[in-house]
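Just below sit the structures, each encoded as structure tokens.
Consider the two complexes below, in which chain A is the common component and chain B and chain C are the respective partners.
The block that comes next holds the complex of A and B.
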């Protein structure tokens, strides 16, 4: 009797120490991940902090993290002296138009590739996928000359030419059409005399709301952060996107780090907020890029 | 059914045609300034082989791509494993978001932040180093150090994507296997090393290839970090895309630039084929 109860107590003690050990491990992992997260965010925090520093503090050594007497000087200077808002406007209209174009082309082509799987269709689809491997940078120079021939340099339309279709988007929608749009539903609608276009608009699209949402977020951010293409297409100050404008602004002769940071922060803060709001969509979209099998 | 035609037409015009055109141009002496644009066969490629600027661009780009790979993949695997382990923690959403934000923020403002961090006179990096008694370094003005800076910046951006893909991978692993391992007395790190790492191999392969390919396309990061105040970009660190654009738009040698694009394409195709090859091999085994 005594032996077994001793044994029990020992086991109890062991269980408690195991639990304690697990708690210590959990807490230290949390601390580690927390530090990593902060380190990842730190550069952006620095940038936002710099935006509020006075020129004198900007030059102080050692550098400060939190501005001693925060000022809005940099923001008003940069908004007054550079067409920052215009550049943001250019980027915004480019990103929204690209998003609409990519969602439209992906929805239509993805649906047709998903539902009409003839041999010839599959060949064309394979071609779509194969070109997805080719990086944009490889063929952007000939594309530049096409845009030039159309007379669309320095315009949002010219920018848009490079971002009208997205192979991954077509692929994503096709997969979802195959798995989430039952043939029976379409057949039933056809028997009821519905037109193909009506079916697409009223039956197919609502079923694809999730993936289309994810795709729009991806497409928007893709165009919003584009760099090399706007760099060659938009060469006049009034047609710069925000990325190009900032990049060239920072190579100017009178670079003022405070103003530069203010300009950067003006761009960063809304896009981070937008991302945090749309995080679910975005993560879903990006995660599905990994699921190519 | 016919509704696909506009999309096909757009696709042919903005994707297929320029790709084919790149291939075609690479065999021509196609200069903007000269009227005659003769076919010269492989002459562009032969010239590339002896071009020092191109060589240094190719070497720098390769170092950057593999540097980013070596930092990103192990770090992402460990961080994803830990986040997955702490899925039920209230902070797991915060971890995911924080790690992922650098991947989505606009590149130029983010690069600007790093430019300040690396700044030789004012940057916090040198301040922190001098705190530990290390001599301040001219990070962005030294050819070797500036490559390291670009690698750090690119890894910072690539990490979030890799973590996200790994997290999806972890969520798809069979739970029962881990329970069996625990009953056999395997510790957490042991089952990570002997179960997770081998089972996530296809994902590691995929993320590695994606990371490498985007590493080979590096441009904006080098443009921002390694350009000086006179607006002469890439004096310190020349990368492939930059060399290509310079040849095309500063030297007006479009055919020559196209041959560089073909080299870039060849590298990317090679990496993709290696990925598929390894995946197939694994499928057989």
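The block that comes next holds the complex of A and C.
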């Protein structure tokens, strides 16, 4: 009797120490992740805070997180003296149209690469992937001349020409089609009497909602944050996108930190909104690796 | 309803021929099962009937019309897949009414036909749910409902029960048989499970490596298998095969180690010819001490209703399925008797049946 109770006590003690060890590990992971996320958020917090600071406070040391003397002057200056809203509008229409184009081309091409087996298909797919290796900057200039010849400089259409197709998008959708759309589903639909385009619209697209949502976010931000291409395509102030516009606050010799911060803070709003709306799709789409039913 | 005629159909991928000239007649309203081991070409053949695979040679007729180059949707068939192939983003009602919606049928008619099929299959309470909310058996029933709703000329089933657990499979087997008895639509059913084929089909086609080994009614295949392959494939547990030669009086087969296996009538083969003597495990029974055969037992598997024994007669491995409960253990010698009329005789070289 005593032997077994001693034994039990020893077991309990061992269990307790194991539990404590596990707790310590868990807490340290939490602390580590918390610190990392604070470090990642800090620049953003300072950006927004700076937008509400006076020039003097902005250069003060130590820096303040909550402005002592908050002011809206930077915002009114930015909105009053520069066509910021216009730039945001340009960026929005460019990013939305590019997103639609990339989602459409990736969905169609990804589906075809994923499900239709012709011998030439692998070669074409390899060529598509090869384009991802060539940096955009390499063919940016020839493309610029093409846009110029078409008379599309300073227009959203001109911007769009560089951002219609995304080879990574095609790859992403192809992999998802292979994993998430079983052949039998398409065959069942064919036997049921559906045409190929009908199958694509009503069977394939709904099954790809997750990855397409993720791709939408990626495509939107790719265009939203594009700099070099809009820089050469948009030559007049009124046709600038927001990225090009923001660069105006930074001249060769000075940086107008207050206005730059205010403008940047304004620009954050649409991006954050879109991410919040599509967050679930984004996480699902990026995380899906064939673990679906 | 319609008949399906398959004449000398071939399928080749480059130089590799996977279906080597197959001919099958599926009469109107019948239930034909294609069975065979993996890779025998049964699924390919079914997909060729459906129009999902092209035909390299021969003709397929559905309702007397050659359909070799007809698209699947114009063949008036319905197919049930192994993994159900339900559209995950549609409700059960939408899944079942899908083909009618494509055919632009009026909504009230779709609703009525879906409701009818749901009633037959006991799915009436689930019409508003999504496939992932149903169990495996229910999903399988929805897949069948989708086929029934169309009222096609031919049903094609591609191993529809293989994803279900054993108990559900037995239940669905009975349900399928019952549904076929009621609606009597011509059915071609692919399975690798010979029990499924035996219990459900009017006729069974046994295939191996792209060729038909035998076509016949289930009990015909069991009673008179055309060769050793069919004999071993049909029936569970598998038939015992004992190698030997025809005795001088042609009344028995003598194995290499001198065991004498009796025949019901003089063999239709000359004395001394090498043959394979086939006897099913369930046709062996425990005999008295002077019985002609003696089984050296290596394994005893009591299941309650019967006792399954593994062992050897002479040098050759034999299994026996006894209806009675016997007290025995590995290492024992058990005297066995058999009815010579239950024995099968095959040529040792060709494997073909000797009458």
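Just so it is clear, the second predicted complex is superposed on the first by the 215 of 293 C-alpha atoms of A that agree within 3 Å, B and C clash if a C-alpha of one lies under 4 Å from a C-alpha of the other, contacts with A are read in each partner's own complex, and residues count from 1 in each chain.
The working rule: a contact is a pair of C-beta atoms (placed from the backbone, for glycine too) under 8 Å apart; a residue touches a chain by one contact, two chains touch by 3 or more.
All values reported here derive from a predicted model rather than from experimental measurement.
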{"item": "Residue contacts with chain A in the superposition, chain B compared against chain C", "value": "B"}
{"item": "First, second, both or neither for A:185, with chain B first and chain C second", "value": "second"}
{"item": "Touching partner for A:203 - first (chain B), second (chain C), both, neither", "value": "second"}
{"item": "Partner chain(s) touched by A:124 [first = chain B, second = chain C, both, neither]", "value": "first"}
{"item": "Residues of chain A that touch chain C when the two form their complex", "value": "182, 184-185, 187-194, 198, 203, 206-207, 293"}
{"item": "Residues of chain C that touch chain A when the two form their complex", "value": "50-52, 71-73, 75, 77-79, 81-83, 85, 87-89, 98-99, 102-103, 132, 146, 150"}
{"item": "Contacting residues of chain B [partner chain A, same complex]", "value": "1, 3-4, 6-8, 10-11, 13-19, 21-22, 25, 79, 82-83, 85-86, 89, 91, 94-102, 104-110, 112-117, 121-124, 127, 130, 156, 159-161, 164-165, 167-169, 188, 203, 206-207, 213, 216-217, 219-220, 223-224, 227-231, 233, 241, 244-245, 248-249, 254, 257-258, 261-262, 264-265, 268-269, 272"}
{"item": "Contact footprint of chain B on chain A as seen in their complex", "value": "25-26, 29-30, 32-34, 36-38, 40-41, 43-44, 46-47, 50, 58-59, 61-63, 65, 105, 108-109, 112-113, 116, 124, 127-128, 131, 133-135, 137-143, 145-146, 161-162, 164-165, 196-197, 200, 221, 224-225, 227-228, 231-232, 242-243, 246-248, 250-253, 255, 257, 260-261, 263-265, 267-268, 271-272, 275-276, 279, 282-283, 286-287, 289-292"}
